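Lettered A, B, C, D, E and F in written order, each chain numbered from 1.
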Amino acid sequence: MIYITRKELFCAAHKVARKDWTDEKNKEVFGKCSNPNWHGHNYTMWVTVKGEINPETGFVANLSEISDIIKREILDKVDHKNLDMDVDFMTGKISSTETLAVECWKQLEGPINALGCFLHSVKLQETEKNFVEYFG
Amino acid sequence: MIYITRKELFCAAHKVARKDWTDEKNKEVFGKCSNPNWHGHNYTMWVTVKGEINPETGFVANLSEISDIIKREILDKVDHKNLDMDVDFMTGKISSTETLAVECWKQLEGPINALGCFLHSVKLQETEKNFVEYFG
Amino acid sequence: MIYITRKELFCAAHKVARKDWTDEKNKEVFGKCSNPNWHGHNYTMWVTVKGEINPETGFVANLSEISDIIKREILDKVDHKNLDMDVDFMTGKISSTETLAVECWKQLEGPINALGCFLHSVKLQETEKNFVEYFG
Amino acid sequence: MIYITRKELFCAAHKVARKDWTDEKNKEVFGKCSNPNWHGHNYTMWVTVKGEINPETGFVANLSEISDIIKREILDKVDHKNLDMDVDFMTGKISSTETLAVECWKQLEGPINALGCFLHSVKLQETEKNFVEYFG
Amino acid sequence: MIYITRKELFCAAHKVARKDWTDEKNKEVFGKCSNPNWHGHNYTMWVTVKGEINPETGFVANLSEISDIIKREILDKVDHKNLDMDVDFMTGKISSTETLAVECWKQLEGPINALGCFLHSVKLQETEKNFVEYFG
Amino acid sequence: MIYITRKELFCAAHKVARKDWTDEKNKEVFGKCSNPNWHGHNYTMWVTVKGEINPETGFVANLSEISDIIKREILDKVDHKNLDMDVDFMTGKISSTETLAVECWKQLEGPINALGCFLHSVKLQETEKNFVEYFG
């Protein structure tokens, strides 16, 4: 088994807030992340896939196929978008980094495993001080 | 003369679009940066100050005073905010990185020069592939 | 289970040397790290916590509470200090990166687990070429 | 158990291509990585070793000994070389990042374990968007 | 005047060697950079353009047009190529970082200035320890 | 004219304090940087040299000669040392980043200019948030 990781970037707006709470309650719980008019980030995402090396190619999987899946399932939907208004797979969810990582995993797991390898982890960084990792 | 630079970070939402243009016209000119529901970035800002070394302290200026000015004049106004809706000094302006750098310069020049040194440049990075520098 | 990591920085002096050895013996074993008049580093520390996502907030834990614990238990004690002279939890210990990581773990484990999540790892980087990780 | 990691860099030429395939077939499968006249990279390698802390020194292992092993077994053979023409341990192999990581592991495992600690992983980064990890 | 910079990456093989010298002479002058079978790098290039802000768009120039020029004039010719064998504008030249930066400037100056702004500098990094800057 | 830069690292202890002031006065003016028992940093230094390209070699100067000068004049004296106690060229000076950059310039200017090129700048970074630049 060997692990291969692809790093991708996207830029998005969001706020961390519950629609069923007042702005005051959201501010109390989520602080400046609940700013009603949104804020945003340059997100960095690392998608790690594991599998055995194909002796004919020396590859676990074709990275350009993995990259295409990440582009189609995630980047085309979130890059230069509002996570809370524009993204189908985040509808009705709080756009915390934790939840976003879990939902990205769900988007990627099927298509990546169909390549004959296994999705191992999604790591998502919101600012240079914070990141989350999800292993399914 | 010696040059000293302070690096700061902020996270903000914005879009690059003219209110007097249609969404279609904005998309044609500004591409995905004009997404109507906003997107956002982790901005990095470098503020460079020049001056002579004070022989008593070895400093050009007290970096904590420079940091306080950047916090009061810029960060408190833009961090976790929407550049187009929440920021007084950006009202009525297009939030391109160029314009944002020029307006940050205007915010900083007076207070920094009042310390007895000189604002030399504002460098502003929107994504890891793009940055601007303004020298007044 | 999801993993969330907070990155923090501190600047400290130290030397790697045993008080019961001569300077010559320390130099032989620890090389330039044993310089009698100290040297120092910008340390980077990553604290990783694991837990389940709280469905009400989308968070594993409130990162500002984790950040407060790291500040109170570690940063206030080590930042701009001498690890061998000023830090209570390092008294009588060799300030190797390994030992420092283990002692930081001991400082953090109780307060973090009291939040309802679990301390997973402490990663500590001394220079850009070396880091250690401790999982308890 | 504690984990300690050493980061090293090397610069090398290579191509990803099978000698028993035509240039056209190689281009179809491996894309621009199969350029017949080679291309190259700044590779970054992280070697992670695990073990118990020696109470006399505070160290898992002497990092300068680990560094010497990496230099002798890997860097002296690959740095400023052609991975496909100049490197004994890559002879007859496809120089994919996956295969290179596995072969580096084989070079390091014996000498590092002879120090009384254990090789845990070899992580190898080819470009800032891709890396692999091998755990033996 | 404001300055805007675009960062791009490419991977290439090369050697620093004169064809009219022996391998021994090349090794004496250029060291390990003269390895006869090539070596390679991940090059990072920063292209800086200066101009006035267009009040209608807030831009000095359309970054996607600058990016297209860099791609057409430089990246398509050098990425995943051998600088000494595959690149028309390097024919007969020593592929030192200095010379490569000057030749990239010559490729870019005409097309960028035709956009109504001015090429200010080309910065080229070969390894994380070395870079050059050329201002025309 | 072309500019070439070499990046080097060193680790050192220091404090920012005047010996003719009390600890209280030093703390009032210099804050936590005046900790009596020292603190320390991983310093990053960029030395920029300018000159014309030698047509025979394609180089402004031999980087290994520049690197040797930096090692002999600076790194051997400051790396893993106490800037205030161990370094001849800092004796009696306040080890602010500004003063350290100026003194490094004085160490380098003669030997580098003797190579037939010109020292252009010394940039010195103390933490990832602060750096200074000196141009002589």
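In this text, a contact is a pair of C-beta atoms (placed from the backbone, for glycine too) under 8 Å apart; a residue touches a chain by one contact, two chains touch by 3 or more.
Owing to the predicted nature of the structure, the values given are computational and were not obtained by experimental measurement.
Shared contact partners of chain D and chain E do not exist in this assembly. Judged by contacting C-beta pairs, the busier of the interfaces E-F and C-F is C-F. The copies chain A and chain E differ by a rotation of 180 degrees on their C-alpha atoms, rounded to the nearest 5.
Annotation: the chain C:chain D pair of sequence copies touches via predominantly different residues, less than half of the used numbers being shared.
Each chain's centre was taken as the mean of its CA atoms, and the one lying most distant from chain E is C.
Work out the mean CA point of chain B and of chain E, and you get 29 Å between them.
Annotation: 34 Å between the Cα-based centres of chain B and chain C. If each chain is reduced to the centroid of its CA atoms, chain B and chain D end up 42 Å from each other.
In chain C, 128 are the positions where the chain touches two or more neighbouring chains simultaneously.
Of all possible chain pairings, those that touch are A-B, A-C, A-D, B-E, B-F, C-D, C-F, D-E, E-F. Chain C meets chain D in the complex at residues 16, 18, 29-31, 93-99, 101-102, 128-135. Interface residues of chain C facing chain F in the complex, by the touch rule stated above, are 9, 11-14, 32-33, 35, 37-42, 79-82, 85-86, 127-128. Those residues of chain C lying in contact with chain A across their complex are 1-8, 53, 56-60, 63-64.
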